[in-house]
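First chain A sits with chain B, and in the next complex the same chain sits with chain C.
This part shows the complex of A and B:
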């Protein structure tokens, strides 16, 4: 072996003694090395995919078309204005080939239908990733500074939210996430600034705790703090994972800190009169449509009712009867910002409804809660905990100021670089995975974190993650004209005595007027042009439903005649549509042949009976409002203009725009105006 | 065949055009060989005569030549890279990405430039160590040693200024740290930093300044000092050979005489 080696080295030495030969050999080696560069180019990944694509389409029926569309080489979408240089189509060759939509094998699938053109925004604005890259790994998974990996498809709706700041039809997850961020009060602690400079506002209504001792007991506060979901499945209050001692101390502090409310208090004795009739309570609860806003579990354990107010399943365990009665009389005394209206019940009715609501209780709940009287040290510790956990970010607590920016600012959370995140062992290293875990189990990152845990299901967690991912750097950098702003809430307040009445009734909790208010009930901005005064007066006296399909209805408010007249006059005179006059068409006196023509149009040409009812014996439509008495309800000019362009008067209505001729609209108006209460109408 | 080829070659070398370019003419005499070197603008920096032994690997390990070789590679690849690169804030990074992903052999070009730069720094140091431990910096070569030190500094500065040009996070922070170190110089520190960056922050001005330094000022300075460096090798008596040094020579002769 040794000799063989030495002889090899000797011969090599002999070979290298000739400088020309060495020069030649070295030159050849260098040349070979230099060919590596162009060879690497030729055997690059994207070349391979393009060759694979050409093989792939050969056996297809549409091979000729696909081959004609195929362009070799690096393909890119370049939109300088948006900073887009996307070379994705270099490998995703068939992205715009509709016939390839069923292909399973990536990268050759066609892109599913989308609201924007590929050439309008490119790929990366929605999918993230590194658009300039032409290798699979760099394009999809690069995490180097500034590069973002591909966004998992389940969060893709977040990208729409970069420009669209109002709810979109195609983005249910994003819409839900947005509502949740406001509804669960995330934005009380975390500031989220939108590209237009406005801040996201919370829509929950955390009750003030200033007079909490009037309302409930320390035991209930303790049980609630320990686990809000045990009290109500729909609790928006999160779980702070408090120890027994901490929960006890906080409840002690809140009770000790509470001051008696001023004004409306009702003697306890009054609630202990003769037991009110339970059926009367149920029917009062029903006719007041409490369930439009409040949910309660029924006997089957299903939650029934709206979510505007708190769930009432175990409310009897929570509130004190005298507080409840005072609250029902005038909720704004206790909480000026409550969406709950004043029902103007009589004392007897108050007693009935209070007894009925107090009966909604669970004897097992709080059965094991026994708290010792608190020492001053425990109360002081309770206050320290209230400050530490930022309770005052949401709740008004006397003596504890609202902290500013209690949680981290989330304005650009969707672009947070992965290098700035701390992951748990075994966790996927990506921003969506981090946010998901943070929302699901905030304390899993360490016991020192103060963020509480919400009782969200998988879908809700994904919705909030999607929402947060929409707050990207890019949403701020995109040209301003691309931003679709959110509908700004105005601070419209009706004036005068009628305005005060509307505030007491909290009309705006459900109705929207001049850009202010809720969306549960119809927009009343042009109600005065729309309806007839006698109908409105009658409706306020005894609200009946216009839409049989709806469960949530307008409650009865027990007005005095003067109040009702004032409200009717105010609505009729103030809420007018400026585009046309209310009385430009007559309420009666239409020629019979015009009415007959309208009837034919109604039943044949426009087939209105598929959604509306004029004759309840024949018509089956229940999507739209019943029209049996529409001639007594609506004004002729409103009907006429509504038929001409429904969306102009009721934006977002499902009523189709039929582009009716003036004659057709007039005939239909005449027919509908004949449908009056008391008359036989269409029969 | 070789005979025929040689005769063609001879004809060519005796032609008027050839002679007008290479004036020394064909011949194997010492004068011819010396003229071939001396009358060529590129070669006249070098000595007309070299000991054959000095051309072997063992004499110098070719470290100086290799350093020059990497420098030439850097100039060639650098000029090619300049065809694709804009020293502006919005374009610099995306141009580097283009080189990586879209330009034919762009990544090869960029990597060649980068690795040659690393190699040049390493080779320059190796060259200096060799010269130092051989004692080749001593008279009459002290001045060329100083020129060599200047060339080392230029190499390091070229390396440093090139670091900013990709305009990524690494570049940004490296230059931020580097210029903050410069600002630690007593009295003039902040002025030096301001001069380097063309402002108080690493921004568009700094990028442009570093680009001009990297592609124009420092390479020109390096060319100048390289010319002096090579020319001085010839003027200082060619490559260093210990045995030919006057002191060593005298000592050796006396030793030889003693042994006799």
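This part shows the complex of A and C:
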């Protein structure tokens, strides 16, 4: 051992005595060390992709162009104000090559058309992942703290929602998710604050339960609590998976807690008289266009009707007739926030419609529900459950205050780190997978979770997940110039007596005026400039539809003459377009040759008859409103300006802007103004 | 040293066992009956969003030589990379139907799925089904189509989506008629949408939409027309560079 060591030191000493030899050996070692960096570079993953790309384009017709565009080495998009350092194009070489759009081999496919420039936003803002990484695994699938994996394609629309907080073209899933979050009452329990500081508002109207004993029976409440979908397939109330005893106790508490409503709840039921005619009920239901808002199953089992109000298929099992009659007389008395209008029916009509609606029932429903009278202990337990499940987050319940922040705040849920989530065994470890499971089966994470289960299909679950993923930290940290202003609902309220009338009629449930109201019916902000006063008066008396193709229509309200006149005067005087005067063109007296020119333009140059009807014997277009009596309906100046630029007066209308000359527009206006009621129409 | 054939045999057996291990457990699904033809019951030619499940499941029916539905026949399905099925093979139910939930891949375009079953002799027979995936531009195009174009270009009018097709003196072509639209270049289609029918000597019933739709919306509509066209649209080849 000793000798070996000595001989090694001796030979080392001998070696060091020769400087040339030392220099040579050290140089070789240094050279080898220096090759490590270029070798690592050469054998790196991204370099392999770049070589593969060059081989891939060799045989293409556009190889020369593609090669000219090709730049080797690490490619980087750097956007300091967004904190973006994206090296994705190092491997995704053909990302901006339009001719590679149909390439199947990744990573070489071109990016599909999109509304933003790659150089302005980079990649990770939409796709997530690690932009600065240069290996596939690290860039796409990192789960380390503070890093996030790539977003699955099905949730990609969530990224648009980081900046765009209003409905957007081309993102149906995100738009649906937004509507659902408000409509299914998620935001009653969960606070969602938007970057501008406003909170997401619920659009549903869960009924107040203060007078529930007037409205329905304990048996119905029990059956509904057990399974809302069994009562109506479109129920928005979720399923709380209550045990029989718990459902019984809650129903007992709600009934015991209910106070009798004020006023004429019972009074109407006293009106005696002959049994109402069922066919009269059907026609009253039809002419009141109840189906515009309420759906009901038809004989074939299909659900027909709108979804603004609750489904009425089994409503006869639910409500008490005297309550229903009082409700129909004045819905706002029971629920001040209801979108349902006051129809101003006569007592006879109320009887007819109540009998018709009460007839919508199912004898099998609730057949097996038999509840024992509840003990005070059970009622107290029911109240405890109501508090525990946060029922008062949505419903008004006397004696139970609305809890604040009942569910967790979801303001920045889209950036929640994976390390803070608890996953089920076998689950994919990612935020989208967690949210999806949480929405689909909330109680799968443990029976102690209070969140109820909604009756959503796959696409609805994905839509809500997409929406939630859009609430990221980044949406709060955007530079001011990138923040997209949100279109916000105004709190416009018409004033005075006419304003009260419009509130009673709930015009805003369907119509939009000055940025407030629904979208089922036309925007009335400029109605006074648009229509003629006698036509409006007649229309309110008997609303006939202008568009034969529409299913949802304006119901007939039973106005008194004074009410109708007041409403007409208000609309005609207040809802004016500021851009032009209503009476700047005459209603009659156009020269016959101008009218004739307009007729020719109508039928030949602009082919208006493809969508409109002027002469019902010849024309067949029924996409746009019927124009047979348009000269008695619209004002000439409105027609003229509308023809010049339809979207300026009716944003989003289907009517194409034809860039009409002043002369053409004037001639067409003259022709259309000749189409008066009583006249025969164009030949 | 002489090599021992037993060692080679053992190595081969180990390798085979390793290969077999990769086979999915679903191979246990045994056909109880056999048909002779596959037909589509519902769910073909659907349009779905990329990376998402199709709105309706794909339902296929297995028939015997008399055209009667066969219960218990095994149907396997496969598709291009990226397509995910809830199960890749099922047995037909009491009505002879095999139901698949289909999640489309991440790129837009046509997805051709192939369903396979076996007849009594064990000979496979197949059926090809096409599903369409819309990406962002096609989705915008579809929305524009639903709002504007389908009011006339849709031959089937329904209560929810009314079409004026039947009432037009000059019938427009449905966007699915590839025989018509594939002959138009993108430039032609852009012109006819922007400036109306007369710009290409066609009917004035097609109004100009150039002042109503944005350029990107018009492009999006064209990408949608190209997607739904049947027979499928084949983009003109890339022009060769002249050296």
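Of note:
Operating definition for what follows: the second predicted complex is superposed on the first by the 637 of 683 C-alpha atoms of A that agree within 3 Å, B and C clash if a C-alpha of one lies under 4 Å from a C-alpha of the other, contacts with A are read in each partner's own complex, and residues count from 1 in each chain.
Criterion: contacts are C-beta pairs under 8 Å (C-beta built on N, C-alpha and C of every residue); 3 or more make two chains touch, one makes a residue touch a chain.
Quantities reported herein were computed from a predicted structural model and do not represent experimental measurements.
Upon superposition of the two complexes on chain A, no clash is found between chain B and chain C, which fit side by side. After overlaying the two complexes on the shared chain, residue contacts for A:87 are found with chain B alone; chain C is out of touch. By the touch criterion stated above, A:135 is placed in contact with chain B alone, chain C being left untouched. Residue contacts after overlaying the shared chain place A:520 against neither chain B nor chain C. In the superposition on chain A, A:587 makes contact with neither chain B nor chain C. More chain A residues lie in contact with C than with the other chain of the pair chain B and chain C.
In the superposition on chain A, A:229 contacts neither chain B nor chain C.
When both complexes are overlaid on chain A, the residue A:74 reaches chain B alone and has no touch with chain C.
When the two structures are aligned on the shared chain, A:380 is found in touch with neither chain B nor chain C. The superposed arrangement places chain B and chain C with a least CA-CA distance of 27 Å. In the superposition on the C-alpha atoms of chain A, no part of chain A is touched by chain B in one complex and by chain C in the other.
Of all the residues in chain C, the ones that touch chain A in their complex are 49-53, 55, 80-81, 103, 106-109, 135-137, 139-140, 143, 147-148, 151-152, 159-160, 162, 164, 167-168, 203-205, 207-209, 211-212, 216-217, 219-220, 223, 235, 237-241, 243. The residues of chain A lying in touch with chain C in their complex are 60-65, 99, 102, 104, 109, 112-115, 152-154, 156, 169-173, 458-459, 462, 549, 551, 604-607, 610-611, 620-623, 646-647, 654, 656-659.
By the touch rule above, chain B contacts chain A in their complex via residues 94, 97-98, 100-102, 104-105, 107-108, 168-170. In the complex of the two chains, the chain A residues touching chain B come out as 36-38, 40-41, 74, 76, 85, 87, 130, 132-135, 138, 144-146.
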